[in-house]
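Shown next, in structure tokens, is the structure this report addresses.
Labels A, B, C and D are assigned to the chains in the order they are written; within every chain, residues are numbered from 1.
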Amino acid sequence: MSYFSEIYKGIKTLLTGMSVTGKYFVTSRKGAITQQYPDNRDTLKMFDRFRGEVIMPHNEENEHRCTGCQKCEIACPNGTIEIIWDRGIDEATGKKKKKIDQFIYHLSMCTMCGLCIDVCPHDAIKWGQNFENSVYDRSTLTRVLNKPGSTLMQGVED
Amino acid sequence: MMQLRITENVHNWLFSVMPEGVASIVEMVLIAVVYLTIFAVAGLFLVLLERRVAAWFQLRIGPNRVGPQGLLQTMADAIKLLTKELTGTERADKFLYNLAPYFVIITALMALAVIPFSAEFHAFDINIGLFFLIAISSIGVIGILLGGWSSNNKYSLIGAMRSGVQTISYELSVGLSLLTMVVITGSLQLSEIIEIQKSGWLILQGHIPAVIAFMIFMISGTAETNRAPFDMVEAESELGAGFHTEYSGMKFAYFFLAEFINMFIISAIAATVFFGGWLSPFGITESIPELGVFWFLLKTMALVFLMMWFRWTFPRLRVDQLLTLEWKYLLPINLVNIVLMALLVWLNLTIRL
Amino acid sequence: METEILYNNFKSEEYFINMGPQHPATHGVLRLVLTIDGEIIKKVEPDLGYIHRSIEKMCERDSYQQIVHLTDRMDYLSANINNEAVCLAVENALQLEIPERVKVIRTIIAELTRISSHCLWWGVMGMDVGALTTYFYGFRDREMINDIMEETCGARLTMNYNVPGGLMLDIHPNFVKRVKEFVTHFKSKLPEYDRLLTGNVIFQKRTKGVGVLSREDAISFGASGPVGRASGYSCDVRKHHPYSAYDRVTFTEALHTEGDTYARYLVRIQEMWESLSIVEQLIDNIPEGEHRVSTNAVIKLPKGEYYQKVETARGELGVYIISTGTKNPYRLKFRSPGFSNLSLLNHIAVGGKIGDLVATMATLDLVIPDIDR
Amino acid sequence: MTDDALQNLIGGWFDDLEFTTEESQFLNVKVPREHLHALMQQLREHPETEFDYLFCLTGVDWGEELGVVYHLESTTKRHILVVKVTTADRENPELDTVCDIWYTAEFHEREVFDFFGIRFRNHPNLKRLFLTEDWEGYPLRKDYEDDVNMILH
């Protein structure tokens, strides 16, 4: 008798399983989890904290907040950030002062750990939400974050 | 009457313009072309259907990029496969390796020939139709065995051996469950089997044993076509791709298409034997015989869908459990079922409308 | 007698088969050299190192803040718990007083990580035994957790959210709301998992009595996490060596005694329920306060040895730091759960079929970067 | 069992054991390598200690010496002991295996052999685990140099 009850139970569990998938078959067109990525570009918005790439915001006067303290360069585990700096003369005080020449960011080496942004004392660098970083040439992943001719924002260091 | 006229007109016209011998040959070629077309279209359509159905079971959308609603997706895949390089292992048995896909595809085509799509659309109505189908469907496994063995790959070999074990076992159940129905019909000819069902589909005529036979047929039919949950032969999480690991391009596509055609054939047999083939339910469209194809395809597709439902719900059995299921459960039940059916027929307990 | 003669006459030959490094069931670049007699497995020999990055050596050159992000890349499915392990070790060494808020948030995030890891495991488990649909159902629920993580931590997989001294950022304002949404959603979906797979007769036949591991062997092999608990070995670090906020929540340790694949499966399913209950207990009572205590920019651990164990989704992760008082660890060893769990594969898979091996491996829940480190 | 009780008990078994709890949260015991296997066997089997769970086995390059650190826990008594053993021979370091006492040691000792080159006597299958068979040197040793693959700050 256990032979038949086993068959009965077996078939019952199979039908239970089929009812689960069957339910989704009927309702899935509403609840499809697929995101049709390149088509939904307009509506696709990443979260504010999403770590896409490191960017350096500039204001309208082409000024950034980076003093060239190199804390980020030290904090980075992979050597992603390289700061080439210079000593310029501060026009206001006439003293020699450190300023960045190039803030080089190797996106191809970045692990998005966030230590550089965490350590930055002046909020000069931030996370960008762009994640479409595929390129044909690897060298284009090495970026200079400060725009040409940009200068340090007034009052950052004080 | 339209259908009748097309086939008969073509037949008459051919025989009127040519000598008899030539006309017969031309007719055969025409039929072959028609069936090849059906094969290709049905195969591609079924692949698309499978992908769509799978997607809907899995909360996805499925192919929707190529063509309207993704209808041309499988066509694009076929073209891609055609243009792909045919690779193989170095020390494969080249002759058998190349032969194997054709074995599989030819048997599938041969089985297609005896399927009655409608009263007139029936290429080869031999009096041993069912027997022919059972016999042909077991030849297909030779292709799989050859392919697995000759590709000189251990995974393929394991897959092929599993396939041999599986088909030999489940052959019995397929045959016996159909035999159960033959007890009612008393004929192996498919057209006659359908004729008998004008007084009620066989699944109703034979009620309890017929339902059991149908269930056994669907289970063993799924196993015969090597589909999940019986896809021991491919078992991608165990064997990679099983017997066709080393096949690429169009040769792989042959195996792939044959699997889907086999699924179609199993469903078509079930529709014919259990659900009255091209007969409309309760004879509602008896006056329009050209709707026969529609009813036949509808029933077949419903059964195909059932097989897909199995596939996308159940886990795979292990190879020894597969044999346990056959020899400990299906076969004894089947034998008892035949006796039950014979009693039913003898005592005239079948239901006839 | 008769069968014996038959068997001796058809002397079978054993052969080797390479499972992996590219194989659907090894979930990564694990290579198993199988010795097989027909379908029956005679020996399983893992060949490792395909993605060994020598994280332990890299740690010797990095500062303690930098080490944390490397642990993301070990067991990437419980990245947050790995981070927590290193941070706890460093904090204990520095004897930092960690705010309650941090402890609670860490616990919630760790449990969410555990659920997400088990969701993925459940989907893959189904796929390994041939039920392909489970994968998508598991991923649907995991996706919600990933979104929560993305909103709060900024990344979906390798979050690097913990820092020595607390959390890199405070939780996102939406965090509590989203977690609550997820808890209600997942409570309705988890029974579905059971209906679809657990109860299924084929699945039970495939898993019951397969890959049996006794309690003694489990301990001797250093099995931990669900693998150990399925053998009746109470090894939950959260119970025995509580850290973060685990001492103030109530949960039962999922214990089974059969030790087979099915028991390991049930333990993980039960763990998802327990994790949900832990999250529910904590989510309404996140204390106010700082999300971080400040540490020196250059952390120097006092000379000595520090060991910290945590319970990741796969088992017991140990972080063993030997410090000589400099800004880098002198030696840092990760005792990864997957490594010990893999070592017992040969013991439990021998005698089974190829299908059994796949099912067994699925319930060991191996993450190869965790083994290779 | 408390650390002191453990120290009293174990200290009576062998003469030259060095105990310390400094710089560590567990009780440490340093054992000469000729007593290693006997001590481990005793720790595993003695009803008072019952250290049945070897949860961590670490190879360490102490500079002059190479050593192995064993973290032991008893699943019944829940006490923890750290056993340390060292060898001064850097060219051909050899220690006794403990994988007949704890199965888990088999893989962990292979890992230590792979990275530190410590040979474990009586190990059933001592060969490279992660690295290829023809790899030269032992990467986790402090004096390991690899100009191509190593990045040092």
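To be clear about the criterion, a residue touches a chain if its C-beta (ideal position, glycine included) is under 8 Å from a C-beta of that chain, and two chains touch if they have at least 3 such contacts.
Note that the coordinates shown come from a computational prediction; the quantities given were computed from them, not determined experimentally.
A.B. asks: When contacts are scored as defined above, which chain pair ends up with more C-beta pairs, A-B or C-D?
C.D. replies: Between the two chain pairs, C-D has more contacting C-beta pairs.
A.B. asks: Which chain has its C-alpha centroid at the greatest distance from the C-alpha centroid of chain D?
C.D. replies: So the farthest one, by centre of C-alpha atoms, is B.
A.B. asks: Indicate the whole-number Å distance between the mean C-alpha point of chain B and the mean C-alpha point of chain D.
C.D. replies: About 63 Å separates the centre of chain B from that of chain D.
A.B. asks: Between chain A and chain B, tell me the centre distance in angstrom, where each centre is the average of that chain's C-alpha atoms.
C.D. replies: Once rounded, the distance between the two centres reads 52 Å.
A.B. asks: From the mean C-alpha coordinate of chain A to that of chain D, what's the distance rounded to whole Å?
C.D. replies: Distance between chain centres: 42 Å.
A.B. asks: Any idea how many Å lie between the Cα centroids of chain C and chain D?
C.D. replies: For chain C versus chain D, the centre distance works out to 25 Å.
A.B. asks: At which residue positions does chain D touch at least two other chains?
C.D. replies: 151 - these are the residues of chain D that touch more than one other chain.
A.B. asks: Using the touch rule from the top of the page, what residues of chain A touch 2 or more other chains?
C.D. replies: 14, 17, 20-21, 33, in rising order.
A.B. asks: Give the residues of chain C touching no fewer than two other chains, as numbers and ranges.
C.D. replies: Residues 62, 133, 136, 140, 196-197, 200, 202.
A.B. asks: Return all touching chain pairs.
C.D. replies: After working through each pair, the chains in contact turn out to be A-B, A-C, B-C, C-D.
A.B. asks: Over in the complex, which chain C residues touch chain B? Could you list them?
C.D. replies: Answer in residue numbers: 15, 17, 23-25, 39, 126-133, 135-137, 140, 196-197, 200, 202-203, 205-206, 353-356, 358.
A.B. asks: Write out the stretch or stretches of chain B touching chain A in their complex.
C.D. replies: Within the complex, chain B contacts chain A at residues 53, 55-61, 309-310, 312-314, 329.
A.B. asks: For chain C, which residues are in contact with chain D within the complex?
C.D. replies: So the residues of chain C in touch with chain D come to 48-49, 52, 54, 56-57, 61-62, 92, 216-217, 219-222, 224, 233-235, 240, 302-307, 309, 316, 318, 320, 322, 331, 333, 335, 339-340, 342-344, 347, 372.
A.B. asks: Would you tell me which residues of chain A are touching chain B in their complex?
C.D. replies: Residue positions touching the partner: 7, 14, 17-18, 20-22, 24-25, 28-29, 31-34, 36.
A.B. asks: Applying the document's contact rule, which stretches of chain B touch chain C when the two form their complex?
C.D. replies: 54, 57-60, 154-155, 158, 228-229, 231, 235-240, 312-321
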